[in-house]
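Next up is a structure, given as structure tokens.
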Amino acid sequence: MSEVPSRLTFRLSYGDCDALGIAYFAMFYPWMERTYSGWLYGRGIHSADLIGEFGVYTVGMRSACRYLMQCQVFDELTCQAVLDHVGTTSYTVGFDFLRGDDLVAHGEIVFAVRTPDGAKAPIPGGILDALRSLPPSTLAES
Amino acid sequence: MSEVPSRLTFRLSYGDCDALGIAYFAMFYPWMERTYSGWLYGRGIHSADLIGEFGVYTVGMRSACRYLMQCQVFDELTCQAVLDHVGTTSYTVGFDFLRGDDLVAHGEIVFAVRTPDGAKAPIPGGILDALRSLPPSTLAES
Amino acid sequence: MSEVPSRLTFRLSYGDCDALGIAYFAMFYPWMERTYSGWLYGRGIHSADLIGEFGVYTVGMRSACRYLMQCQVFDELTCQAVLDHVGTTSYTVGFDFLRGDDLVAHGEIVFAVRTPDGAKAPIPGGILDALRSLPPSTLAES
Amino acid sequence: MSEVPSRLTFRLSYGDCDALGIAYFAMFYPWMERTYSGWLYGRGIHSADLIGEFGVYTVGMRSACRYLMQCQVFDELTCQAVLDHVGTTSYTVGFDFLRGDDLVAHGEIVFAVRTPDGAKAPIPGGILDALRSLPPSTLAES
């Protein structure tokens, strides 16, 4: 299903930038979630109803972002979801933030799969299929 | 119950300011909600469970903010909830943003009271009592 | 220059919604600014450098939003900048938030034009031209 | 200068929580910055004017957050800045998010010190003194 976009493009606005005129460090995180949730939704997976669909849910265990180049108001950035790591009961989705060909930041969110009573559970097939459709990161090591 | 605070004091951080170094216009709105929800919560009213407590719920109909003085990073502001207007099926909570004695902004949120099936309903007594405990705005007319 | 888009389309993500699962009332404001700043930027007007371009700058005097229909996570909204009012030294840009054909919210920002020493000044021709290229609101009265 | 607070306490509001009713993962980051910037400011260090004070500036290289316990609307959290690591040209400030005695999340921001022309530089003495006044994290390993 390569037709489902796993990226979002946006122009940095004033609200994305801090008092120094550069992209606010925390601004990248909501764009990661927006890219991830919208991509899953486009593949028919409604992340608020994973229990109903798969009998399990996912919890965010960790998030992180590395800042590689400074960004300024009106820069056009693309947030591309990439496959960072697939384990047995957890997975890491990466997010390459690109300005043209430059990788300006790389984020990641680690998700763990849980049963309704909180026990670890394997990644459902439907999510695995989605994850495997993601491109690898342009970042050699993160 | 004057002991329940209807104000919050905070220092503007980089994330509250825009690329020009002044308070971002949209930043005031979450502080209004934080002040309002925390104040009601302090009085024992859980705004997510109004149906359970009062048989009605409230919906935000309108919000607004007037910017009177420019604010900058590290300014200390107090957001004080004030009583702007009480109608029969709706009410307006105002928010005076003060820097020392200066009123730097005035916000407001209009709430309408609804039954579970969406019909207009009178303001519950518990909410009326809370509203009447709020001070009036320092702004003569808004 | 009808080719410069004065609208942005986005899908509501979790971060846009509150604990009750509906669009957070404050979420609309950054989208107004993003739409406005990006549209001006597309027309060659860099809102952080109005002094350099026009010898004046603009200050936000007031913002407001009316909520007409409830929105939920994953709803696709379009924020369309519209012309609400043009005065001599100030103007109001409106923002129609549409979900399909439905107007779900209407926002506005009032901008005042000022000289570097803070005096009122007429709207520069370049901004007037831009404003007059905006469509009128789909909202009869706001 | 133990009298300068290196912590902030706040109650989770609706705007801090996502559509599922739990603390939004990205919400923790602006609180880290608010705690850090306000603490430095309280010690007389204005992070927007480090060049003027110390001849160097700091850039955020990386941020991260581990989520240890789920938080819900109206939970009262304290964000405590802690000393995670001091290197020669960079340092890591940690942030313990506490709900009562429970550590619910641990964040960190890595800052690198740079000269105006972008070269690595040692941490200025004034910042070192401030960092060494921070308590250690309650988290054994992060």
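We just call them A, B, C and D in the order they show up, numbering each chain from 1.
Criterion: contacts are C-beta pairs under 8 Å (C-beta built on N, C-alpha and C of every residue); 3 or more make two chains touch, one makes a residue touch a chain.
This is a predicted model, so every value here is computed, not measured.
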Pair sharing more residue contacts (C-beta pairs) when B-D is set against C-D: B-D
Farthest-lying chain, centroid of Cα atoms versus that of subunit D: C
Length of the line joining the C-alpha centres of subunit A and subunit D, rounded to whole Å: 23
Distance between the centres, which are taken as Cα means, of subunit D and subunit C, whole angstrom: 34
Subunit B-subunit D separation of Cα centroids, rounded to whole Å: 28
Set of subunit B residues in contact with two or more other chains: 14-15, 19-21, 26, 30, 33, 48, 73
Parts of subunit D lying in touch with subunit C, wherever the complex brings them together: 14-15, 17-22, 24, 26, 72-73
Subunit D residues touching subunit B - in the complex, by the definition given at the top: 10-11, 13-15, 21, 30, 33-34, 37-38, 41, 46-48, 73-74
Residues of subunit B defined as touching subunit C within the complex: 19-20, 25-26, 29-30, 32-33, 48, 59-67, 70, 109
